[in-house]
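Chain lettering (A, B and C) follows the sequence in which the chains are written, and residue indices restart at 1 in each chain.
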Amino acid sequence: MPESSNENSTGPVNRAALNQAVGEIVVATPGPGMSDISRQIAGWLNEQSAVDGLVTLFIRHTSASLTIQENADPDVQSDLVDALSRLAPEHGPYRHGMEGPDDMPAHIKSALTSTSLNVPVLDGAMALGTWQGIYVIEHRARPHQRRVALHFLGTVL
Amino acid sequence: MPESSNENSTGPVNRAALNQAVGEIVVATPGPGMSDISRQIAGWLNEQSAVDGLVTLFIRHTSASLTIQENADPDVQSDLVDALSRLAPEHGPYRHGMEGPDDMPAHIKSALTSTSLNVPVLDGAMALGTWQGIYVIEHRARPHQRRVALHFLGTVL
Amino acid sequence: MPESSNENSTGPVNRAALNQAVGEIVVATPGPGMSDISRQIAGWLNEQSAVDGLVTLFIRHTSASLTIQENADPDVQSDLVDALSRLAPEHGPYRHGMEGPDDMPAHIKSALTSTSLNVPVLDGAMALGTWQGIYVIEHRARPHQRRVALHFLGTVL
């Protein structure tokens, strides 16, 4: 049983003024790899005058996905992309092949990572850890325009 | 650095009338494989008179899970189920075996996919991409009744 | 097509009194393995006087993650930890090695499991299935203090 404690257990932050906002960003991926969208999400939250609440991201695709990963050493991103390719190799025993050899592995990689993600927002900023970045992972071989729907629930200025 | 843009960055959709609704659907799975529950979720949202907001799904099991995947070619579903079975094979070096050889692989497959999922709702419809369907994946060998709890937050008619 | 039904499709639970609460718990992990944090989350919800709504967890790290898994047989947890180690072995062909051989596998394991999770709350209790527990999975070799941010949206007493 791990030792634990409630350190920062604040109560209701605002009983009267919950709002929501919806939006979408479009991410132009350069082909396989990870695109850091943290600043775009932060910018969108700023446009909504978000203060405290929860932001939810939803990627509207099944061959690209979302993840939160270390943003310090870019090798982590390359290694993660390679690891996913070992778990879902291009030349597996797939039935689905009509969209190219990179398509079925892309679906598997999407299922293994995230289609939706939530991040708490505190004092106008996402409560990301020191080294956390939010990424779109492109699993297809070619560049794509990827649409990420956004939802914020919380207090606004 | 990918090129990006905010295309559809609408602001707060309704400052005064946020509501929530909770519910549950039961999905009778036929055994291993994927069951498309998109229409059931859409029907539930319609019953709640949902307009704009966020729907959250939560599966109350650890040997079945949720995923959002391509709904065009059924081979994608078969290939994904097979890929998960290669990642978590039935005859691995498991300690836990008393519920049958399909049980521990089912727990691993659940951990690799999703127990909870969020989908934004816009104008009464889920903001799914063109080819996205919401699925329960049954990881056990036999048919089961799977309970999926639902939560909607947003505006209603 | 699976047979299905809406069994417990309650409507809006409270049209007038949505609140949110934010908080954080700190989990002291003993090294690799899973720490059940269900009771801590339940305790936090109780402190917030939560009634009906949705609780969201967000782990502020990229080498530890969240999962919901069976809490009956502890062998399930050991087997899951081992399975993740087979999917992301310590001595893979990684570029990123400066933080030790356990760091890059930890990032991969985090990407394969969850950084954020949602659980519906009904009548003051999380709508977990009978055997579901909420876990922090420590992927690093040494003990760590892991911070999990919490957000509740819903009705309160």
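One rule holds for everything that comes next: a residue touches a chain if its C-beta (ideal position, glycine included) is under 8 Å from a C-beta of that chain, and two chains touch if they have at least 3 such contacts.
Please read all numbers here as calculations on a predicted model, not as lab measurements.
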I want to confirm something about chain A and chain B. Since they are copies of the same sequence, is their interface symmetric in residue numbering (over half shared, so same) or not (under half, so different)? different
Here chain A maps onto chain C under a C-alpha rotation whose angle in degrees, rounded to the nearest 5, is 120
Hey, how far is the Cα centre of chain A from the one of chain B, in Å? 17
Specify, in ascending order, the residues of chain B that touch 2 or more different other chains. 18, 87, 112, 114, 118, 153
Which bits of chain B are touching chain A when the two form their complex? 2-15, 18, 52-54, 67-70, 73, 75-76, 78-80, 82-84, 86-87, 112-114, 117-120, 122, 127-129, 131-132, 153-155
Which residues of chain A touch chain B once you look at their complex with the stated criterion? 18-30, 35, 37, 40, 43-44, 47-48, 56, 58, 60-63, 87-88, 92-96, 98, 104, 107-108, 110-112, 114-116, 118, 136, 147, 149-151, 153, 156
